[in-house]
Structure formats: structure tokens, C-alpha cells
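Dropping the structures in below, format is C-alpha cells.
First chain A sits with chain B, and in the next complex the same chain sits with chain C.
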Partner chain A sequence: MTALHTGRSRRQAAASPRRRRVSPARRSQLIAAYALITPFILVFIAMLVLPLTYAGWISLFQDRLIGGVSFVGLENFERAIRDERFHEGLGRVALFLVIQVPIMLGLALFVALALDSGRVRGARTSRLAIFIPYAVPGVVATLMWGYIYGRDFGPITQVLTAVGLPAPDLLASNTMLGSMMNIVTWEFVGYNMIIMFAALRAIPTELYEAAEIDGAGQIRIAWSIKIPAIRPAILLTAIFSVIGSFQLFNEPSLLYRIAPNVIGTAYTPNLYAYNLAFVNQDANYAAAIAFLLGLVIMVVSYVVQLGSQRAMRGGR
Partner chain B sequence: MTGIPVGAHVVDAPVAREGASRTRPRRRAPRSSLATILVWALVAYFVLPLIWLAIASTKTTSDLFSTFGYAFGNTFALWDNLVQVFTFQNGVYVRWLGNTVLYAGTAAFGAMMLSAAAGYAFAKYRFPGGALIFAIVLGAIMIPLTALALPTYLLFASMGITNTAWAIILPSLVSPFGVYLMRVYAADSVPDSLIEAARIDGAGELRIFWTIAMRLMAPGMVTVFLFALVATWNNYFLPLIMLSRSDLYPLTVGLAQWQAISTAGGGAQAVFSTVITGSFVAIIPLMVIFLYLQRFWQSGLATGSIKQ
Partner chain C sequence: MFTRTRTRRRTAVVVSAFAAIALAACSSTAVEAPSEEETEDALSAPTTLTLWTWVPGIEAQVALFEEAYPNITVNLENVGQGGEHYTKVRTALEAGTGAPDVIHMEYQFISSFRVTDSLLDLSPYGARDLEPDFTPWVWGQVADDAGVWAIPMDAGPMGNLYREDILAEAGITAAPETWDDFAAAAEAVREQTGSYLTNLPSNEGGAFVGLLWQAGAKPFGYDGAETVTINIDSPESQQVVDYWQDLIDRDLVAVDPNFTDTWYQGLANGTYASWQTAAWGPLFLSGTAADTSGLWRAAPLPQWDAANPASGNWGGSSYAVVNTTENPIAAAELAKWINTDPESTLLLATDQFLFPTLQSVLADDAFAGQELEFYGGQQVNALFAEISETIDTEFEWLPFMDFVYTAFPETLGAEIADRGDLRAGLTAWQDAVVEYALSQGFTVAD
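== the complex of A and B ==
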């Protein structure tokens, strides 16, 4: 990742930023560097900075039936902070996160370690098979699981009734969240497993060959050598999962069609923001909700990062 | 969920560097029955639903209700179902498939090129503002894409460009993680000595990038392309809010609309078998691409670089 040093050293360049004339070679390199990053930066500003700024701006307004659009300052945010439906959605995704993410990442880590240890028969095929749900669109996964859960022709109900057991309603208010956790776990274990597996393959074998010769078992090697070595990868998957859980939308929005009374319009914050913008036509308030949600996600990801750094320091 | 490409360089940097140039000796580890059974039990969990979907797409709607999920129905109706999928509502499914290929293909190609150019620049040039810009891009990985979609919609609506292909393609071009991955990739796979040699031979900077660096970065670029392709192909929220004309829908939004028709019932013929077969057809292209390009993304992810 070293930058090229042409002609003069970094020190000299820093010491005399303007006095000396830039060499033609250095100048053409500067032009090339800016030319190469400009397209990305333009799109980055247009598609990321601008929408966020715009949403921040319109969240400061309110569109009333009487009086039209007026500037209200932070009133939308105050309303959101006191909005029980927003709280309820946030609480639900937080619960989702606390239960589902550890299960998903635990399974992914187990598979990655098992495959990396070289002790599984048919490792290549099983790796592909576990990864393949990642290529299935979330919409299709949700439709498919919706049918599988369903009591009309779902195989779960069919099997249970065949053996004489009562079939549970997997789309009722007390089971819905668990059913969604299962769908998301099914979709993303493979993706997370591949990230961890790739990181495991990059650990030099010398690090644990000695331990193996000394008779350390696979579980001990995994715990004391491999997991600490791929901590950054695990952290990355944890942060992506935090972001994903808070953004939950596809699953509730599609299962709403099957179980409208269970899901309602504010099951998750994103579903709530969507319904505010498109059903209630309240774009200003929806922008405030989207903004707050983004803020919550960034704060939680940051806390996860800090927590992991502390754990790392404690572990050493 | 997020559609962020994955990279190999998520281990501590020095470890990764060493690891990249190492080929793991293929020693025969003793097989473990317990590990094998546990992993294959998980394989069953991941594959059984897809098998159910495949079998269900060969059934008529009445067989769907009357026969066991993992057994074939009384009539093998796969062909009829396929005909129904491709001709239902005047063949709109074909249109959705075409839209999906167009949106995902264009966005993935664009994201790949933008990431490659920017990543190469960050890796190989030192320029004022470079470190700061890279830090900002890296921070943007944390910005939740779905939370961004609504603001983007509000902006696009004020500009009057919703209901166009651009409304889907433009937001999908930004891949901060792709830039990060390409930076790491460029640093590892394009030797500085080669760039110097090309300069001495009189090649211009952009030409060096275009003819030499891009070739060396190809496997990394394929990885970025694939994951950007999946992200756009599978995206539901963005097209759902951006598009209201059904002839512009991608498959995800179209299938969701069909599902709404089938659950609403409402006198129309129950189209369960059509939704199921349509769903099954929709997942085939990406699976084929992933299986076909395995060599690229698996080796690309595992080693993360070309050996110098």
C-alpha cells in the first residue's frame, strides 16, 4: 500500500510545500490521481451526500393541510423521539439483533472453522451449498419460506399432521419474529461464513502447526489461535449484521400480505418510514425517521466496534 | 439487507500479507465424523427449502394443496407452469427479467469501474486530500443503504427522475466497500516496479492504469462486479419506492406484486403455482453465474491477490 515516491522524499516535499516547483512527472501523476477518483467522488456526492443533506433539510419542515409547508425546526425529531410506534419498531429490531445475529454468526463461524480444519468430507460441495442462499433474492426467500410456513400446503404442517402432532401457526403474533429470524439466518449464514472462511485461509499455517504437533485439539486451536486471528473479519460480519437487522424491510413487508394483522404498518422502523412516506404522504416526518434510524445504526455499529476493541485488549 | 462485497483483507494486515503469498500445503487431515455430520445437517437446512421450491414448481395449484411437499404431484406441470409464467399478463415476466439484467448489469459494471479507478488511485498515488477522502469513503461503509433509499427517493422525486431506469442504476453505482477492496487489491497485485518501467518507456499515467493495472486487478474486479450484481439484482426496497410503472419493475418487485394478487384471491384464478414457478426461475441466473465464476470469487476471496 506504499505510495510511489518520485524524485524527492516525502520529508522534503512536506518541508517545502509550495516553494519548489512541482516536477512535470509529479504533476502528471497528480492529474491522473484526481482524474481517477473524480468519477467515484462525483457519484458518491450525488448519491450519498446530497440525498442525506436533502433529507436532513426537508425533515425540518411540516406539510399541514391548513397553512401548507412551514419550517418547524426539530419538531419532527421531537415527535419521533416520543413516537411509540417508532419505539416499538426499534425495540423489535433490537430484540431481533440480540437473538438472531449471535445465532447466525455462530453458525457461520462453526461452519467456517469446520471446513478450514479439513476434517469434513465433501467440504467443497457443502461450502457451495451453504453459500447458495445468498444468491437467492430476499423477496424469493421470503415468499418461499412464507409458503413453507403456511398451513395450506406448507411441508412443516404436512409433516406434523402426518405424525399426529398439532401444527403451530408460524405466522402468528408470538411466532412471527422467530419465523423472520429463521429466514434471515437462512439467507446470510453462507455469506458470513465465506468472509470468515476467506480470513481463516489467510492465517499462516505455521501459527498453529506447532500447536498441532504438541497435541492440541482442533477446538483448542480454533479457540486460542484461529478465532483471535480472524477477529477483524468477525467484527466486519457483526457490523454488517447490525446494519442489516436495523434495516429489516423485505421480510415484514412481504409477510404483511399473508398476515396483515400481525405485522401492521410499523413492525420495523423501515416499514414504518415507508408507510409514512407512501401511505400517509408525510415525507417530512418519514425523512426524520429515516435520519434517526441511520443515526441509531451508526451509533450501535460504533459501540460494537468499541466493545470488540476492548474485548481484544482484554484478551491479550 | 446490505449488499456489500466481501473481501479477503479482513485479517490483520501483516497476517494477510504473509497469507497472500502462501500456498497452504495440502496435508491430509484425519476426517471427523462428528464435524461431517453437523456440517451436512446444516447443508440440509439450506438446501431443503430450495428443493421444495423446485418440486413445487412442477405442480398444478390443486396438486400443491393436495399432495405432500416433497413428493411430485399427480400431474407433472412444470412446462405448463413455465408457459404460464412467461405469458401471464401479456408476458410481463420477460420484461421484468430484462429490466433486472439491465439494472443489475449496468450498475455492477459501473460500480466495478468506479471502484477500480478510485481504488487504484488511492493505492498508487500520494496526493493532497487523498487520505482524508479515503477515510470519508471508509466511514460511508457504515451508512445503511436502505435508510439512504428513502432520502434518495425524496431527492429524485423533487427532480422528477423517479420511474426511470436511472433511479435504480445511479444509487447502485456507489460502493464504498468496493473502493476499499480495490485499493487493497491494487496495492497487492500491481507492482510499483512495473509502473516505473512503463513510465520509463514513456507510457502516460492513465494508459498505465488502463492497459497494465486493470489487467492485473481483473480477479478483484470480478469479485466487486459479482457482489454489486447480487446487491442490485436482489434489491427490493429501492425499486419498490422508485418505480410505479409495472413495465419498469425488476423481478423482485414484480414477483411481490404477483404474490399480492395470489393472496388477495379476489375471484381471479389462484396463481400460487405461477408465483412459485416464477420465483424458481428468478433464482436460476444468479446461481448459474456464481457456480460458473466460482473459480474467480473463491480464489479472489481466498488469496485476495495475484502472486507477484
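== the complex of A and C ==
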């Protein structure tokens, strides 16, 4: 989001008139324009550029309990590239991305289309109901699901045992990622649905009427008019989800308490960086990990964007 | 993640770099002891202190302190227990703001915070005078020639709390005296009642270290400067690990992580028939498993050698003052007062059931003679006081115990949880700790 904004503001800045003679009216407009972007630029510098620069700077050093601070150049990055724990974490979130994001966005799209079709009774209530999980703080959601998954006392286990079925351990090493996907899907389907739904509402209804006259049914309308029309919104949710997957932190960090042996300290790259900085006292290496993670996110987001643009062009 | 920042004072790093020299320098350049007048002024001025601790019911002691010093207000905050607490303290220290004045500090973490120069030396504030009042081995955990780094609150000699009724159901009438008896009992309990005799926590380094301590292992050592000794994978440890491997393979013990919902349930509903725990455990248990009151008994840990009874220590804590405090005099007084005032400490021992470190309280009949209904009227305190005498006091720590404990669930703990190869896990734990020590610039002694 931030990146998009900056891009725009930079372009605006570049497009502002050259320094020639400027009429007083124009000048006051200019002043107003700069005055209006200043708060953003200040916050942007203070909250993004400076911390980023600082993180980049400290990632070039090593700070040991014995031996203190020393400049090591790119050694931390080299170490990260060879770090198996970092690779494992990246692999895990990549798997998460490949499986969870399509499911979540598919569901969100389906619900948005269903609500938009106007055939759902109590659409307003259902819209709100689907959105509510997003309003539940991630921490609360994870604690709640942790309870639901619980092996001895959780409702899932209790129900299954009551009907005489073996209860799966939803917090074991082979099920944990799936359990986490379920939590995140539950949390974010509503959010993505609202974005898509808002985009759907902006489509002029004349198109539907025309399509209906041509004999198109609801499914055909959805496939040929609605989905292509809201492609930018879908792309937006996809990029948010890519970033969200790579940044996965709350869920593993909270489930660690319930299943410490399964999660460990490097389950996701963010959790790893956090533990490196605050348990291992190695903020420098943590900064290098965070930087590399940022790089990976940028590359993947770019690929997603590029891919969908190509698909859009191909579609036309 | 990009915004993750950290400020570390260079001076602190230099100090840790030349720890031995610098610590000496520290004590010589330390703040001079405040005069009586200064102390009095500081204690009567309106002051607000923040205390981070997880002692249940500490509100009572804080209220007594505020009564004694009406102008001092104490903000009591519980930011979590154990690892969570230390991570938050570290985060606040790294951030440079938001750190409390006084913190709960288990003995094994003192060196971890000293190596980063985060603790205030309490000797200028009269802490040296307190030495004779405390159990000698406990005092050794908080003070050395360079300074007094914390005021002891409680200790955690380990014993065995067990469900008398479940053992009786399995035909066992007395607490297992040796570990062999314990294994036999585990078999009987599993067969006759379906319960596990105990749970070997797969996430808790502290409890496991206590068991190693009992077996005479010396896994850690630190010379106060740059050299650490890491002997986790020793013959003594292997003996302990092999013992549990057998029980785990035969499904005679549970392997759940402790202090989780599953575990609380297990204690309360009889899934586990005993808990090998420290002297702070009895009260904790009576809160967690209130419905089973009267069914529990306390005994010493099962022994490796019944002729030479031994025990280990798990936890036990002190109050330390963070050296970023703006009110060192008042903060030091808070740490001292809560842990030495007769009314406060007796309350700690008899009400909060924290095992005392103060000689006067240990000898007090109001403490030792206390009969606890939860344990069928047993004098649990007197029992733990006896156990305390059998603890090997030559036990040392590494200056990075937080890493050692977080590495546990990923190495040995993971093998325990998966009912896998514990020996391999022990070696992995050793390797992880050595690697970390080397990466932090320590010399690892053989």
C-alpha cells in the first residue's frame, strides 16, 4: 500500500511545473500541494526510510556478547543465504501462500459474487457476519482457535470422541500448517470479500441488462463481466495476501505456547528474526534476515503483478 | 519487520568485551553509597516505581511497602512468566524506554543480564549487610566480589508431589524412593488405572536441568569473563536421558508441554499422577487442581542412590533493579524491603508458599509447622526445608540461559515430544549451545 502511494506522490512531484515564472495564484496552489503532502512525507521518512536505513546499517555489523561490535560487511547476508532454518521458514510460508491464498481468495470471490447477485436473503446480515472475524484481533482469534483445536478439551475432539471417531491432533507437526491456514482463512475471507464486493458495486448495471437481453445467465454474467471488471481489486487482494503470508507471525508466535515443540523458534522467517533479535541477542543478523525477507516479498509481489497484467492483456 | 530497531549502548558492549576488567572497573566507578540523608529524602519524595513480577498475590506485599513508604507508588505489572517475561524485559532494555525499575529474576538468568550490563549493583544501597540473613548457597547465586545483583526471594528445591489415591489404586502405598521404584510404579499405575505416573515436559528446559542437577551433572560453567563450559552431553546426563527413554518408549509417562491448557487439565483430572517440581509447586498445584484437594502428598524426588539423597533446584527467584532506573534508592529499597521485611517475607512463605531463602523464616514455626489441607494435612514446608539441605550448591549457569532454554524444545524436547531418540536430542542440544556460544565470541572450555 505504502509503495503504491509513494509511487504516486513521486510522480505528482515530478509532474509539478518547472521553476519558471509562476503566477501568484499558481504559487499558492503549489504551496497548498506541498503543505498537503508534507505530513505524509515526514511520516514516511520517520517510519519507513529511517528504520529501513538503520536496519540496513546494523545488518552490516556483528555484535557479540564477547568481542562487541565489529564491521563484517555482507557476512550476515551470506550466513542467511546458507541458513537452513531460514530456508525452511521461507519454504513453509511459500507452501502456505500456494495453498491458502487461492482458497481464501476463491472463497472471498464466491461470497462477494453471491452477495452481489441480489439473490441472497439477509445479504446485509451475512455480509457483516462474514466480515466479523476480521474485526476480531488476530491474537484473540489465535487463542480461540488454539482452544478449538485442543487435543484433550477442544470442541472438535470432544465431538469426534462422542461419536466414537478417532480425533486427529490438529496441533501436531504434520497438521500445524493446515490448522494455521484455516485460522488465517477464517480471519481474512471477510476482509477480501469486502474489497471485491465494493468493486462489484461499482460496475454499471447497464452491462448486466445488456447481457441479460443477450440471454446470459447469472453465472455467465459473473464469469464474463463481473470477474474481468474487478480484476484490479482481485490483484490488490492477491498482493496483500502474498505479503501477509510471508509476514506470518501472530499465529505461529501464539501457537508456540500451545505446541512449542512443533513451532520452534524459526517456523516462519518473521518469527525467526524476532527470536534472533530478542532471545539470541543478535539484532544484526535479524536485520539481515528481515532485509532478505523484504527482498523476497518484493520479488514475489512483482511476479504476481506482472503475471496478472500479462493475463489481463492476453484476455483482451 | 523493517522497523525492527535496536539501540545498544556501545559502553555496554565494551564492558562485556572485557568483562573481567570492566566489571572490576564498574565496581570501582560505581555510584558512591548515598548518605543517610539522601536515602531518606529519596524514600520520602513522591516517586513511582514499576515492578514486573509474576508472583501471585504480591499485591499484599506491595501494599505493605506502600504503607511503610506512603509517598512511593508501585505500579505492579505481570508481563508473563519465565521466558516471556525476560523477552519483554530485553525488548524494553533494547528499546531504551519502558523498562521497569524492579524485575523478577530467576537465579539462572542473573549472569545473562549482567553480561549485557543491565543490572544495578545493589551494594552501595546497603545490600551487602544482608548476606548473613540468607541461606548461604542462595546468596552465592546473587552476589559475588563485583557486586550484589539481586535480592533473593525464594528457592526451588525439587520434590515429588503425587496423587496418593491413584498410587493406592495401583497398589502402591508409599512414594517411590528410588528411580527404579518410580519406573515400577509407572508401570503399575499405567496398567491398573490408565493414568500416567508423570509427565516429562517436552518444552521445559528448567525442569529438566533440575533433574540433571539432582543426578550430579554439571552442564554449565562460566568464569565471569570469556570462557564458558558446556557439558550438557555428559555421562550423568546420559544416565538421566536413558532412564526416561525407557519410560517413554513403553508409554509409561506423558510427554506434553507444561504450563499449557492440556497440562493443567492433566494435573487436575488425574491424567498425571505426580509432578516432579520445585518448592513453589505445592501452592501452584493447589490453585490449578483445586478439586483434588486432600488427595495429594509430597515426598522427596526419587533417588539415584538412596543412601546419598540428592535434589536439584528449579527456579526460585530474586528481585533485581534495572540500571536504567531513575530512582535507584527507592527501587533498591523496594527489592530489599519485600524480601527482608519480617511481615512481608513471612507472608511470602506462608501465604504465597514461596520457599524462603531467609534463615529467620526457614526457622519460623509459622512456616515450617504449617499443615496443608491440600496435602492431607502434611507439613510440606518442613519436608522441602529438609530437601533443600541435600542440594548440590556447586551448580553454575551460562550467561545466556534464555538461549539454552529456547534451544531445549527444538532439540532434546522435540525428541521427547516425538518419543524419539533422546540421546540424539541431548547431543543436538549440546551442539546448538556450543555453536551459539562460539558465535557470541565466547571461548568454550573442554
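Note that in this section the second predicted complex is superposed on the first by the 292 of 316 C-alpha atoms of A that agree within 3 Å, B and C clash if a C-alpha of one lies under 4 Å from a C-alpha of the other, contacts with A are read in each partner's own complex, and residues count from 1 in each chain.
Just so we're on the same page, contacts are C-beta pairs under 8 Å (C-beta built on N, C-alpha and C of every residue); 3 or more make two chains touch, one makes a residue touch a chain.
Nothing here was measured: the structure is a model prediction, and the numbers come from that model.
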Quick one: is A:163 in contact with chain B, with chain C, with both, or with neither? Answer first, second, both or neither. neither
**OP:** Could you say whether A:281 touches chain B, chain C, both of them, or neither, answering first, second, both or neither?
**Re:** second
Touch check for A:151: first (chain B), second (chain C), both, or neither? second
After lining up the shared chain so the two structures overlap, which partner does A:261 touch, if you call chain B first and chain C second: first, second, both or neither? second
(Q) Contacts for A:63 in the overlay, against chain B (first) and chain C (second): which applies, first, second, both or neither? (A) second
Across chain A, the partner (chain B or chain C) reaching more residues is B
| Where does A:198 make contact in the superposed view: on chain B (first), on chain C (second), on both, or on neither? | first
Item to complete: Mind working out whether A:213 is in touch with chain B, chain C, both or neither, as first, second, both or neither?
Response: neither
Q. Counting only touches as set out at the top, which of chain B and chain C does A:25 meet: first, second, both, neither?
A. first
Which superposed partner A:270 touches (first chain B, second chain C, both, neither):
both
So the chain A residues that chain B and chain C both touch are 47-48, 51-52, 54-55, 58, 147, 152-153, 247, 257-258, 270, 273-274, 277-278, 283, 286-287, 290-291, 293-294
The chain A residues in contact with chain C across the complex are 47-48, 51-52, 54-55, 58, 63-69, 147, 150-153, 173, 247, 257-262, 264-265, 270, 273-275, 277-283, 286-287, 290-291, 293-294
So, in the complex, the side of chain C touching chain A is made of residues 1-6, 8, 10, 13-14, 16-17, 19, 83, 87, 90-91, 94, 115-116, 202-203, 226, 257, 260-262, 265-266, 271, 399-400, 402-403, 406, 409-410, 413-414, 416-418, 436, 439-442
The residues of chain A that touch chain B in their complex are 1-5, 10, 25, 28-37, 39-41, 43-44, 46-48, 50-52, 54-55, 58, 107, 110-111, 114-115, 117-123, 126, 128-140, 143-145, 147-148, 152-155, 158, 162, 184, 186-191, 194-195, 197-199, 201-205, 218, 229-230, 232-233, 236, 239-240, 243-244, 246-247, 249-250, 253-254, 257-258, 270, 273-274, 277-278, 283, 286-287, 290-291, 293-294, 297-298, 301-302
Interface with chain A, chain B side, in the complex: residues 1-2, 4, 6-8, 10-12, 15-16, 18-20, 22, 24-25, 27-32, 35-36, 38-40, 42-43, 45-47, 49-50, 52-53, 56, 64-65, 68-70, 113-115, 117-118, 120-127, 130, 133, 137, 140, 142-148, 150-155, 158, 170-171, 173-174, 176, 179, 183-184, 187, 192, 195-196, 199, 204-206, 209, 230, 233-234, 236-237, 240-241, 251-253, 255-256, 259-260, 263-264, 272, 275-276, 279, 282-283, 286-287, 289-291, 294, 301-304
